[in-house]
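Quick notes on the structure that follows.
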């Protein structure tokens, strides 16, 4: 916002002073509500096509070449569908839930930088803002599930609330490590902190042991927050039909989907920003086109994260609700707390090569111990005998 | 009405149980099956299976039509495994009427039945993983392989699923050399698919965590509830009708019966994998030894086929368990006086409540998936 | 600024009123969330971004959700809350408390020192770094005391929960 | 077991292989198995079956079906409805007037094909039978069902060839038998147009003797009987219940109970004409033995619905080895009643 304002303030010298400000506010908003929903629409298409290929199918290929118009067709279809509200539903809450589902997801994009200096709003509390906003999405899930007056919806709502609240904790703690290393909550500062010695790749936090662990923790947390497989238990279709949005149809259902996908994309964007160097990449300092190259790197990384999500969705089964909670509290939470300590160690060790080895050893050991403790009781190797 | 375990202790936080009707319209009840579940939070404290939504009067229908006309109806019992269903009825009728089946027909029956078994087991695992939330990927891999078997069935019998292939005293159509080659090709390639399948699933930690020690069926209960098929064998009951009865020419093949120790969902999954490998062994032997000769007993008529008065029970090891038909023929003998079907799905389902109590809702669906039911057979 | 202030204040007060007057408990909580959101907006208006974000994170993300969870676990969530006494002894006690609080706050606002701190302007911006430094600098003792208290509470909660689990078995 | 999570990554490797594999699957259908239906259709094997159709030879009038109702009786879901055609005098013609198949009920089991002794009903390959209506549109009537023998040859070449060969062989046999006998008995046969180009398949009901042909009434009746017997073409041996046996190169399995066609009595079989009414036939066999009387009462299509040919069934009843008098399906209730009457007359019931 500030960058745009500075850029255009000069052009409107003789005009009323509110005009450049209004434009500077409007452009990012239009960008967020225009570009990201388009990305959402095509994410659904890419997801369906990729899942199809993973499962030896074609995926959508009927509407337009390669199914390009499929999202449009889906949208039209959902728009024209009958809006069904259960008779005993709490009508107002039922109506409000999908709206609330979208708002936090859109707000999340406000702090995701896509090029040097180009972030919709450069908040000095950027990451904290993201977490604060994303907690609000749980309300939508709860309201939708509760207002539907359906036992499956209610179960889904309860699961959603428990899950989002639980995964918030390790996620925030994983982000704390990054904030400590970067020394700032601002997303732009975090990206800048990942350059080292003029190289645009080596400094990415994911290439440090604590950064890698943080990346994994954060990615898992992000998947759980946005209820993606294997953590999609709030809407586990084989168990509770569709969870909190069982009783939604038509465009309200579409809004839930929109909110969920936007949250997933925004979370992927934040992951990229915090661990994968955001918009960093070769060639971003070239005059004039450097900004575009930076945006290209950002969206490339974003796409990779989304594809990783899809790939995982196509492969792994869903975990059970108690395992999900256990995983958050017994594995992710200790790991993330240890990670914070390790970042401190990293910060105060002068020799970075030595620090790399020591931190990697500590985290690896911790992972092995945690894996043994958490898995020993559940998973066993079996051999089978044959009858004579 | 519904028995509850672990009543909420008094003096603690007051919680309520809720009664949830899982089905008859539910993504993972494998058809129109309903479970009346009482939940304490996510934990199942009571569960009552409700059946009968798909009742099609199979037995009474069969008592009003000729012996021959019942064969296509058996296809519809367990619509995944029409071949073994056909065989069960044919075996019963042949026993009752004293028909000798030619060698070649027996071998063809073994071939199609074992193909049916691998088809069924791979798809069951797929469906179970679908219930586990794997978005159908294993299921579609299973379908990909099933497609090849169904192609063979289509070129053999004319239909992919409702094969209606067997006749009293043999099979309807002979297996040509081309079809034998096709079957050999399928059998040669199938282990590769099984390896891929296992790589995808058998060591998957999520699957292990979800399936192990879930839905345990103790050996005693399995015997007392007359559970049969892979489910009984997963509980460690050494009972395979192919070995016990040696019906058809099963006595000639060298194969083993895998047995589980724990009897949980994972055992039921893995026993099926192992059984597929044994089925491939049988198929290799059967395809190698397939003799020449008649494929249907020449003395058996199609029309006005009559059976002298008497009763008989024939059973086969269907992929889901013991499938048997008890038939009574009376004066006239043109149609059964009494026709009773012993469906494995239905009887295996009777222990559902015992397996589910104390587990989570999510476990109920995979336990149901691991029981391997087809509602056509449960309700008949 | 004034328009924003009055609008947000209106919403906040409306949320607060709805929270105490609505009959359906879940609706009450949802109104309460509206009220929390209004407060957070006020913080943002006062350029206390950090406090605002923390307000949302803790009050909406944790406290309200906890209340919702408690309601869902303990009451008949699918039904109405049942007949409730709207005007009674409790109501009067509550009103008295509210009046006292309001009086206290208005007295404090009238006092010069607080008013000066709260006056909007660039000076009043609270930097995150300042808060952090405050916590581990001047206010280290109360901060650590709070930390110990919360940890004790956490451990206590775990112990109680474990006991309940053991009793059930 | 390796480290925790190894299984998860093994799984991801499998899905990645499949993902990539689909892009290098050029038509082998190893990885990308889908047929994109309206544009490409999977090749159907010859045995593939959808719904039944009726075969005709040459023109749709020359259908093979004789309305014997065997398929109607044997059909497990009872989706076939047949009414035999009758001329204006009410005499039954050996052809269906109504032949309906309710394809919403039909379960494509092929039993009608197997039981048909005339090779008249066959399974189609056409599975695209979607209709907009739920009721009448889903009932196929006689004109919809009739398809030519050429079409049958096209969709099921091997099977159809075997059927054609069989029908031809039978017709030749019949023709030989027919020509040798009557040639001696009645040398004047100028108007024997019967087995001209397609002897095997010319249906009896179609060949009518011109009104102005120089025959006495008795000769006329005899001729009609002869022609119908020759046209229908099934007698005695060679009829396999397993029609598909021929397709796979197996020797056809003979019906064990099928008795060899009885030699015609010296005076011919003037009553052997289902075109005649029941009373007329009964008049003609007044002096004949019981078996002949019984046979005259039957529909005499040799349809094997009873499990015999007509001669065999009559003999079996006369000999007392068959007690069920209701087996003659094409004769309908009339035959059953007459058989019972005749048996009562003969004192055997």
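In this document, chain identifiers A, B, C and D correspond to the written order of the chains, with residue numbering beginning at 1 in each.
We adopt the following convention: a contact is a pair of C-beta atoms (placed from the backbone, for glycine too) under 8 Å apart; a residue touches a chain by one contact, two chains touch by 3 or more.
Quantities reported herein were computed from a predicted structural model and do not represent experimental measurements.
Student: So which chain ends up closest to the centre of the protein, judged by Cα positions averaged per chain?
Tutor: Smallest centre-to-centre distance to the global C-alpha mean: chain B.
Student: Weigh A-C against A-D on C-beta contact pairs and write down the one with more.
Tutor: A-C
Student: Find the geometric centre of each of subunit A and subunit C from their Cα atoms only, then give the gap between the two centres in Å, rounded to an integer.
Tutor: A distance of 28 Å separates the two centres.
Student: Using mean C-alpha positions as chain centres, tell me how far subunit A is from subunit D in Å, no decimals.
Tutor: Taking the mean C-alpha position of each chain, the two centres sit 68 Å apart.
Student: Averaging over Cα atoms per chain, report the distance between subunit C and subunit D in Å.
Tutor: 87
Student: Would you mind pulling out the distance in Å between where the CA atoms of subunit A average out and where those of subunit B do?
Tutor: Distance between chain centres, rounded to whole Å: 43 Å.
Student: By the touch rule stated above, which residues of subunit A touch at least two different other chains?
Tutor: 54-57, 151, 154, 158, 314-316, 375, 379
Student: Spell out, as numbers or ranges, the residues of subunit B touching 2 or more other chains.
Tutor: 137, 141, 144, 200, 204-208
Student: Two or more other chains touching the same residue: where does that happen in subunit C?
Tutor: none
Student: In their complex, what parts of subunit D are in touch with subunit B?
Tutor: Residue positions touching the partner: 1, 4-8, 10-11, 13-15, 18, 31, 33, 44-49, 70, 74-76, 107-111, 114-115, 123, 241-242, 244-245, 247-250, 253-257, 304-307, 327.
Student: Tell me, which parts of subunit D touch subunit A in their complex?
Tutor: So the residues of subunit D in touch with subunit A come to 1, 3-5, 8, 11-12, 14-16, 18-19, 21-23, 31-34, 36.
Student: For a test of understanding, state which residues of subunit A touch subunit B in their complex under the given definition.
Tutor: 51, 54-57, 151-152, 154-155, 158-159, 229-230, 232-233, 236-241, 313-323, 375, 378-380, 382, 384-387
Student: In the complex formed with subunit C, which residues of subunit A make contact?
Tutor: Per the stated touch rule, the residues are 90, 93, 123-125, 128-129, 131-133, 135-136, 138-139, 142-143, 146, 149, 151, 154, 157-158, 161-162, 165, 168, 185.
Student: Touching residues of subunit A toward subunit D in the complex: what are they?
Tutor: Going by the criterion above, the answer is residues 50, 53-58, 61, 311-312, 314-316, 368, 371, 375, 379, 381.
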